[in-house]
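Please find the structures below.
Next come two complexes built around chain A: one with chain B, the other with chain C.
And now, the complex of A and B:
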């Protein structure tokens, strides 16, 4: 058992520099590819970037204002301010996608303090969970992977349900499955239900988007429903993600799958 | 003779051998054919019995709703962590071999340490059977510890439970931890690997969104074994999950309707009895829903109005007999009884005397509310004439006994309407004695006060007493005396009725009939039109009828005993009552109010009974039970303004 683990870790660590170097080469290739553009193209791209930058600056200011407002309200209500996570943005250096497992390799590992079991998110919601941390890389189990499972809830409904990844067909959007949904929930193609994360499981903050559920049907228990979850199509082509590192180390569990 | 025997085909010995071989082959072929063609079904059955197992999965129970579609009883998720023992077999084997190795080493060391003279001849052998259980327990406890680590619980699993599961329910998952909270469930879902033998199982248990509201009426469920009699024959060994059956209340009365259809799985098992592959599956189906006649708003009002006091409050639809509210206090939170009744909860409810439904399972003397019936009996017997009047001096002598009125100095001269409104005992002592007990008990029986109402609730009390001469002789062993009649006339003495009976009695009077069939089922408009309560018209003439109603309306008038029940704009007729009752060895007060409204066309009848807990509680019908009834009338106006005659007012 120990030999197997040692061999696996050694192989991963041996392979990691090659993956990291390859990703830097990719970045370099991208840089030179952009250098080949004409000045006019670069000007237009620069303008686009400037626009995006001002848009993000505006959003950042708005977030700052909202955070200040939250702090003010917390002070009025005498609530303790809780910042549970810090963000570590990491580059995706490899996607290992098959029907049976779906992994991402990130270009940050122990060197950035990434712990096992940490939640990984992107602008569209939940990406997955860190399942292996190496010296300079870490492996993320994607939410579309059949080995991934998390507690979730439907937006506006506090009752927890189970979200699980499924073997992927390779065509269309990635999908997952939701189970243990209460009988009174109705999802239709016209009015799909939004599945979001819940803080109950201790890994993910509440309210991060997981996917859309457009149908639910009675499960084998005769009372709870199961349904298909359509995940974000960008999930399988991500370049950059954020790892949520719990500020309170007690909250991170090292024994996650 | 040549040197070698020549083989001849007609050698008798060879032929004999040939026939023997042929005969033996024939026997074999016939035997084979018989087994393959004729006895095959028998062998198939034997094979089936040996290799197939059936699992029964009871269907979830149906929901219970009030008449407006509000959920009264539903199902909630019940989370548990389970393990299929089949998945643990490799670990059992490994643990067992390690334990055996250690035990052998320990035995050898002990053997070698024993002086040679005292040594047994052979090295003692380990107790293999016992160690096998130890190995299994160790493995299972490791998983329980893992669950405890994740959830922060501190559970253990008793050895005898493991043994019982192995012996009786091998094919079913073994529950390691039950009744997980939502956050514990969520943590397990996220932190237990998908391929771990630990499975997070979600079942359904009863859920009561309104907690203690209508607790006695709705009832609770208990776990029981499913009925195996209806299973197809074939002798397949059957495993089952326990099902929930109604123990009290509507859960019991409508158990068949609410119970779901049991699902079935047929599994092929290996020679050790562990599951191999699933051959058939039929999913369980949820039971049917039950729509009750209860109005949640009225029910809540009754519960709030009763508060912490002991008692019952009932509201009945006068026309249809549908019970709109039936509250009994003290009550209990039904959620505390689901999925199991903890011992301390049971004891606490027992201590409070809260298990019984005071509306239908306990009987009480009706006190002065019975005077309505005495009045009707006297009018029908011809003793209470329109011009009858009695002088109330506050006391009345019957034989050697002095019978008192609640008005110490008397009511003066009272007619029938005033006697009802002021609840004059002296008037009824005299009228009761004039008409006699036979007329009173006959009238009470005509209104069905000696019988159960037949409402769809289990355990409706049979301890209902409408006393008469023969009853006293039979049950007390003494003759009837005039004092008994005087007592009965004012609703005391041996009389015992339930609050539910008094509510239906009031509804009957409100309709001018003698019977009301109460129901807890919501009736459709067509069914409501077809309701047959099974009674007869009361049989009073117009003048008698008006006198009776005048008295009942004056009761809730400015000078009546029920003046606290008055509601602006709503004409209410009723009767208060205050009775003495012995409970738990002490004499306590009972406060009663029965009434109906609106007088013009009665729609709702109510009966409220509040029971004193100690001798020090001084309860009175008008001041204690009356306000509860008033709240019910006000809520009725709020919920059914048109029926209360308030259309266009809101």
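And now, the complex of A and C:
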């Protein structure tokens, strides 16, 4: 066992510099490509960034106000404190999406304190879970991977369901499967149900988008329903993601299978 | 000599091949195409080297591939050694100095590896249509790409032997 771990670590760390170096070369290429833009284009981009910045500053103030309100209500109701996270933004340096596995390699590892089992998210919702952490890189299993499972819930419905990845055909949007959905839930193409994460698994904070469900049908047990989850197509071409690092790691109870 | 210097060159070429294939796969991740090109890595070590050098080169290449692809350590290592041992035991029958036989062997080994991977990693999804669509797409694309990659790869390895002033012919018989 020790030999296996040693061999795996040795070979992985030996090839990490090539991966990291190629990603920095990629960044350099992007830098020089941007240098080719005209001043006018840069001015327009600057104006758009300024607009976005003022919008996000307003949103940040609003979030601060709402968080203060939540803390006040939690104190009144004597609720236990929720799990807090630190966001570590990381660049994707490899995407390895096949029929057998769906992995991403990130350019941050133990050097940034990324733990195994941490949740990974992007603007469109859940990306996956960290399954391997090395010195300078980490490997993420995508939610579309056949080996991925997590607890979830439908938006506005607190009852938990099970989400799992499926083998992808490669044609069309990535998909997953939801099971253990209650019989009274109805999903149609016109009014799809939004599947979101729940805090029950311990890894993901509640409310992060997973995908949408356009139909549900009775499962093999006849008690619950199952359905197909349409995932965000951007999952296949991610460049930046955020790793959620629990701040109170002593209480961590991740749900890595 | 315990380790033939050509084994180091072949291992380096194998590492380069998997790096380039993964680079392409990462670049085309939005397309329904995935390249699975591992077959050529086993062929020349089994045809060219004596058994110690062949074993060390194939073992290291297998471990390298296992860590690159994130499969359980030893999976491709074992398959490489099995496929290499079969080629090694029959290498009298093949003309290693030309590309025809090595290319055929590369296709056969690649197909063998893909089938074993599909049966072991995708055992739970053999009844899922999307899985078979992806596997068949991968199989087709990989073997079409292999028609171009395999001759380049074998010529590249022989060119490296020449540059390093090493023997460009297979090791003399007897086999062991």
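Everything that follows uses one rule, which is that the second predicted complex is superposed on the first by the 231 of 257 C-alpha atoms of A that agree within 3 Å, B and C clash if a C-alpha of one lies under 4 Å from a C-alpha of the other, contacts with A are read in each partner's own complex, and residues count from 1 in each chain.
FYI, a residue touches a chain if its C-beta (ideal position, glycine included) is under 8 Å from a C-beta of that chain, and two chains touch if they have at least 3 such contacts.
Since the model is a prediction, treat every value here as computed from it, not as a measurement.
Asker: Would you mind checking whether chain B and chain C clash or fit side by side on chain A after the superposition?
Answerer: fit
Asker: Mind working out whether A:200 is in touch with chain B, chain C, both or neither, as first, second, both or neither?
Answerer: first
Asker: By the touch definition at the top of the document, which applies to A:107: first (chain B), second (chain C), both, or neither?
Answerer: Neither: A:107 stays clear of chain B and chain C.
Asker: Using centres of C-alpha atoms, tell me the angle at chain A that chain B and chain C span after the overlay, to the nearest 10°.
Answerer: 110
Asker: After lining up the shared chain so the two structures overlap, which partner does A:167 touch, if you call chain B first and chain C second: first, second, both or neither?
Answerer: Second partner only, chain C.
Asker: Is A:146 contacted by the first partner chain B, the second partner chain C, both or neither?
Answerer: It touches chain B and chain C both.
Asker: Would you check which partner chain A:222 touches, where first means chain B only, second means chain C only, and both and neither mean what they say?
Answerer: first
Asker: Can you give the closest approach of chain B to chain C, taken over C-alpha atoms and in whole Å, for the superposition?
Answerer: It comes out at 9 Å between the closest C-alpha atoms.
Asker: Based on the A-chain superposition described above, do chain B and chain C contact any of the same residues on chain A, and if so which?
Answerer: Touching chain B and chain C on chain A: residues 146.
Asker: Flag every residue of chain C that touches chain A in the complex, lowest number first.
Answerer: 15, 19, 22-23, 25-26, 29-34, 36, 63-64, 66-71, 73-74, 117-118, 121-122, 124-125, 128-131, 133-135, 137-138
Asker: Give the list of chain A residues in touch with chain B in this complex.
Answerer: Counting only chain A, the residues touching chain B are 117, 146-151, 159-160, 162, 164, 179-180, 182-183, 198, 200-203, 218, 220-224, 253, 255-257.
Asker: Which bits of chain A are touching chain C when the two form their complex?
Answerer: Against chain C, the touching part of chain A is residues 4, 7-8, 11-12, 15, 18, 22, 93-101, 103, 131-132, 139, 146, 166-171, 175, 236-237.
Asker: Chain A touches which residues of chain B in the complex?
Answerer: 57, 59-60, 75, 77, 150, 182-183, 185-187, 189-196, 200, 202-204, 260, 263, 281, 283-286
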